[in-house]
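For reference, the structure I am asking about is given below.
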Amino acid sequence: MTDLALLVRSVTEQMAQIEDRGAVATYIPPLAEIDPLRFGLCIVTADGAVHTAGDCDEPFSIQSVSKVFALTQALGKIGEALWLRVGREPSGTAFNSIVQLEREQGIPRNPFVNAGALVVADVNLAGHEPRVAIGELLRFVRHMADDETIAIDEAVARAEQETGFRNVALANYMKAFGNLKHPPERTLGVYFHQCAIAMSCRQLAMAGRYLMHGGRIEPGGPRLISPQRARRINALMLTCGHYDASGDFAFRVGLPGKSGVGGAILAIAPGKAAIAVWSPGLNENGNSQLGTLALERIAEATGWSVFGAD
Amino acid sequence: MTDLALLVRSVTEQMAQIEDRGAVATYIPPLAEIDPLRFGLCIVTADGAVHTAGDCDEPFSIQSVSKVFALTQALGKIGEALWLRVGREPSGTAFNSIVQLEREQGIPRNPFVNAGALVVADVNLAGHEPRVAIGELLRFVRHMADDETIAIDEAVARAEQETGFRNVALANYMKAFGNLKHPPERTLGVYFHQCAIAMSCRQLAMAGRYLMHGGRIEPGGPRLISPQRARRINALMLTCGHYDASGDFAFRVGLPGKSGVGGAILAIAPGKAAIAVWSPGLNENGNSQLGTLALERIAEATGWSVFGAD
Amino acid sequence: MTDLALLVRSVTEQMAQIEDRGAVATYIPPLAEIDPLRFGLCIVTADGAVHTAGDCDEPFSIQSVSKVFALTQALGKIGEALWLRVGREPSGTAFNSIVQLEREQGIPRNPFVNAGALVVADVNLAGHEPRVAIGELLRFVRHMADDETIAIDEAVARAEQETGFRNVALANYMKAFGNLKHPPERTLGVYFHQCAIAMSCRQLAMAGRYLMHGGRIEPGGPRLISPQRARRINALMLTCGHYDASGDFAFRVGLPGKSGVGGAILAIAPGKAAIAVWSPGLNENGNSQLGTLALERIAEATGWSVFGAD
Amino acid sequence: MTDLALLVRSVTEQMAQIEDRGAVATYIPPLAEIDPLRFGLCIVTADGAVHTAGDCDEPFSIQSVSKVFALTQALGKIGEALWLRVGREPSGTAFNSIVQLEREQGIPRNPFVNAGALVVADVNLAGHEPRVAIGELLRFVRHMADDETIAIDEAVARAEQETGFRNVALANYMKAFGNLKHPPERTLGVYFHQCAIAMSCRQLAMAGRYLMHGGRIEPGGPRLISPQRARRINALMLTCGHYDASGDFAFRVGLPGKSGVGGAILAIAPGKAAIAVWSPGLNENGNSQLGTLALERIAEATGWSVFGAD
């Protein structure tokens, strides 16, 4: 057994011992019903080796982790023109804050706060039906994960749609500033469905490989995106991927990462690994509590921090 | 001539051709009088090689770059207890904003906004006279740069003190919340003097080596700080080092960096290089316009981005 | 001809001479098309005398002036319990600001900012169809104005509905905090229709008499509301009736007043007069420019300011 | 005994029965030590009659009530030019908030928030020594109250100066925007001393007569200020006199009023009365809890509300 295989197993066992696991999201029943004791972990390394532990094949709602894939899709559609409609700065406020939008005239701070992800969804909609845009995103994710079984959890999508008043507010607010091109309900349709994509840790880590390999799924394979774009997405994940706790995640873990309210985190060690972790309990900033801790220990043990080794 | 020597020379020549150099800071005469055509660059690599170009030995006011050294000093004094008095998150607002302090009860967002640097100065003051604390910092910087000639520009310090009403406001505001331990004017004395440290690009890059080498000035040398602390300071530089343009700097350059209103930027490529660049013209966010561009080209040419290579 | 009749005529003539009339609202075509030269004025005094001038019988969209009548209706339904869902303080921000809602957990600052008026509309909806609630309000206004011809301008209501994204945002935002009881689109239906009530200056001044007479349409008539409630509505008009220019209106005019984006202002001199003025051009705060000036001159000439006579 | 004499006595007795008296200000010892059971009341009516009850001759620190007199003094010096440096709108934030100053470039919202009062003090300083400006204000207050014994409580002034970090922050912050003409410490000297003026309810009500009589101390007497200016000061008291509870005070009491953290309120019934009440316990908005309640009962019993009678 390799050191990494042992590490994956060991960290998973450490997490099982911890009682304070944070609080599961309760705003929709499909999330509220998740067992807080679930924990999954998968590391794919640069050589293609896959290390897993715990509930690594259990699908969960990836929620905001989908923003990474949707951003990649939108950059493919309109390139750097995206940055005319959304910023690239940490927000300094909560993930669903509307305050910043008023101050900055309907331009969201970055593509990973909800407002920014709505602009990205609006770009991806591109005049089509919502189901076309979401189908395209799903094919993209399946391709990158090399797994055709990835699907949308319709119960989650429906529940999001029924209770997502705050997102409806954000969308209409930006529409008032002219920063959505489609009717808000259509853009919201895309957004609610992308959040409801269900994936396992194994699928998520596999789907994240292109960010480890500078835009290729595998070394020597075809480029999905340019190395510069891959770096830039990593940079955005590091500065903005954990909402108003992004600084803390960079401080503790030192890797680009994107969290979702379902308890998942996708982290990238450029050139070295793609890591997916899932633990449904959230800390006070809305990020997976044990997921963050597990990544902190993995980064410490491996020396994968982008900020230097020992 | 090595590739890197050629690159340093080439980038410096490219910068000389650019007419839009931003605007020199005008809030104090000693800064306002600086010739905007000055440009210096120095790269120290892991093997100790030093590459310089332009006005690389011309001293300038390091201003907020001093916050990196002062933070290192404060962490040495009280360790992680510092984080009870200052946060680790990007601010989402301008470097001298006071709004966030009101919302968050006198706790600055991070040690690199002015308010946070004042708390750091208050820690470093530690009950002594301001001149003691500033003397200690100066010795620390001289030691790391291996250069005993580094000094404080008293004219700059005096000018800061005479016009720094906004910093006086920040200090008194935090004092009202109990987050300064000393009389505000003493803490401000330390702060205004640390901003007035004068260094050349060569001195600054040399002083930054400990962040490239995980806390050692040279490989194999004694540890000034632990590798973990070096990584964490790098993380803070990346997420918060360029005020409300930190996300953009990470996106474009991909290196931990700290800018100063005098036109300097210190950037770290962990394990690879410490880079100092100086160009007095600032962009709209208050960061050196050509300094940022030069670093962007260096990072692109060298592949030193922490977010992955090609 | 009485002094007051002469004053009404004289002020109207003065206004006709003024070239800088402000800018007509352009967010919906039915408002954008209004001739900025229109001007109407009507004063009803305590003795029942009616003085008119200009386009005093031309109906216009009363817009936010309707918030006074809707508030009266809501207080009739649930009394002081309304203040659990909406505040009574000036906002310090623009009429359609959403910032304050985030800071204060979905509780609008007062019933005259848009968010507060949406809560009031939600109270008036009371589980019925929107058309029932709006029908009830219309009957109430007709009764107070003693004019059965008052109607809703359906073209305005439709246009509001098609472009009112910011109000949709406000409604959904409050729904997310649980401060709307009905589906947002139903509450918005009531709100958009009440804004589209069309009235002339004569009708509006007549409808405002109950606030001059302590809750009675005429002295000695039946009470619509208690004197205390009439006073309190007047107080709210004075402190909050002109959005973020309420202080200035109190300073210059010295009367409780409520403005609408259609260019109308209803002002009350308690015990003395109800005044309606209409001039479609708005100042930078969104209040009728000449309407405010006309009221300033009337208040000065009559000594009706609530803040003292000469 | 007149009805009003009975009312004054009766309200005072009612207040003595109330146990929840709010919390005495504790930020300086001289205020913290005041007995919360103290209560004073004085009404001076238009005919010159004086009605008192309770601790009506006990001097207390008038604190922010001094802002009314200082504003009158500043308007006398520079007239309407004052409004270039301070606004006339309710703030929507706490009395000592600094947030608004950042958003509005160092221009305080109104002369009754602390920042606005500092600008007023800066106007009154007018290039002289602080003791000259404060001496002038004191003579003005003595003249209006017709009482040469009114003095400054030096212990209070000293305590304010020692702990007033937040006011120091406000002053320096505005200085940074160029909205103070003098060195901040001199302007603060004036401000801290004016807050420390000690007056009894009787003295305070007497000093407020000029706002009841349109600018004259007595009917037929010489004009101190024009009727228009008296009205405008009353308007500002009504819209801004109770910080972020001004709307509520207008709603409940219906009179222009100015409160101070020492527990005093000066209220004006234009043409009818000047009222001073003192009860040191404050409500959550920093206004005298029983003082507000007493005024509410007096306004209800007398029908003096500016918003209409029964």
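The letters A, B, C and D name the chains in turn, as written, and every chain counts its residues from 1.
What we mean here is this: a contact is a pair of C-beta atoms (placed from the backbone, for glycine too) under 8 Å apart; a residue touches a chain by one contact, two chains touch by 3 or more.
Nothing here was measured: the structure is a model prediction, and the numbers come from that model.
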Minimum number of chain-to-chain touching steps separating chain B from chain D: 1
Distance between chain centroids, defined by C-alpha means - chain B, chain C (Å): 55
Chain centre separation (chain C, chain D; CA means) in Å: 32
Length of the line joining the C-alpha centres of chain A and chain C, rounded to whole Å: 47
Numbers and ranges of chain D residues touching at least 2 other chains: none
Chain contact topology (line, ring, star, complete or other): ring
Interchain contacts (touch definition) - all pairs: A-B, A-C, B-D, C-D
Interface residues, chain B side, partner chain D - complex: 97-99, 101-103, 165-166, 168-173, 175-176, 184
Contact footprint of chain A on chain B as seen in their complex: 87-93, 100, 109-110, 211-212, 214, 227-228, 230-232, 234-236, 238-240, 244-248, 250-251, 254, 256, 270-271, 300, 305-310
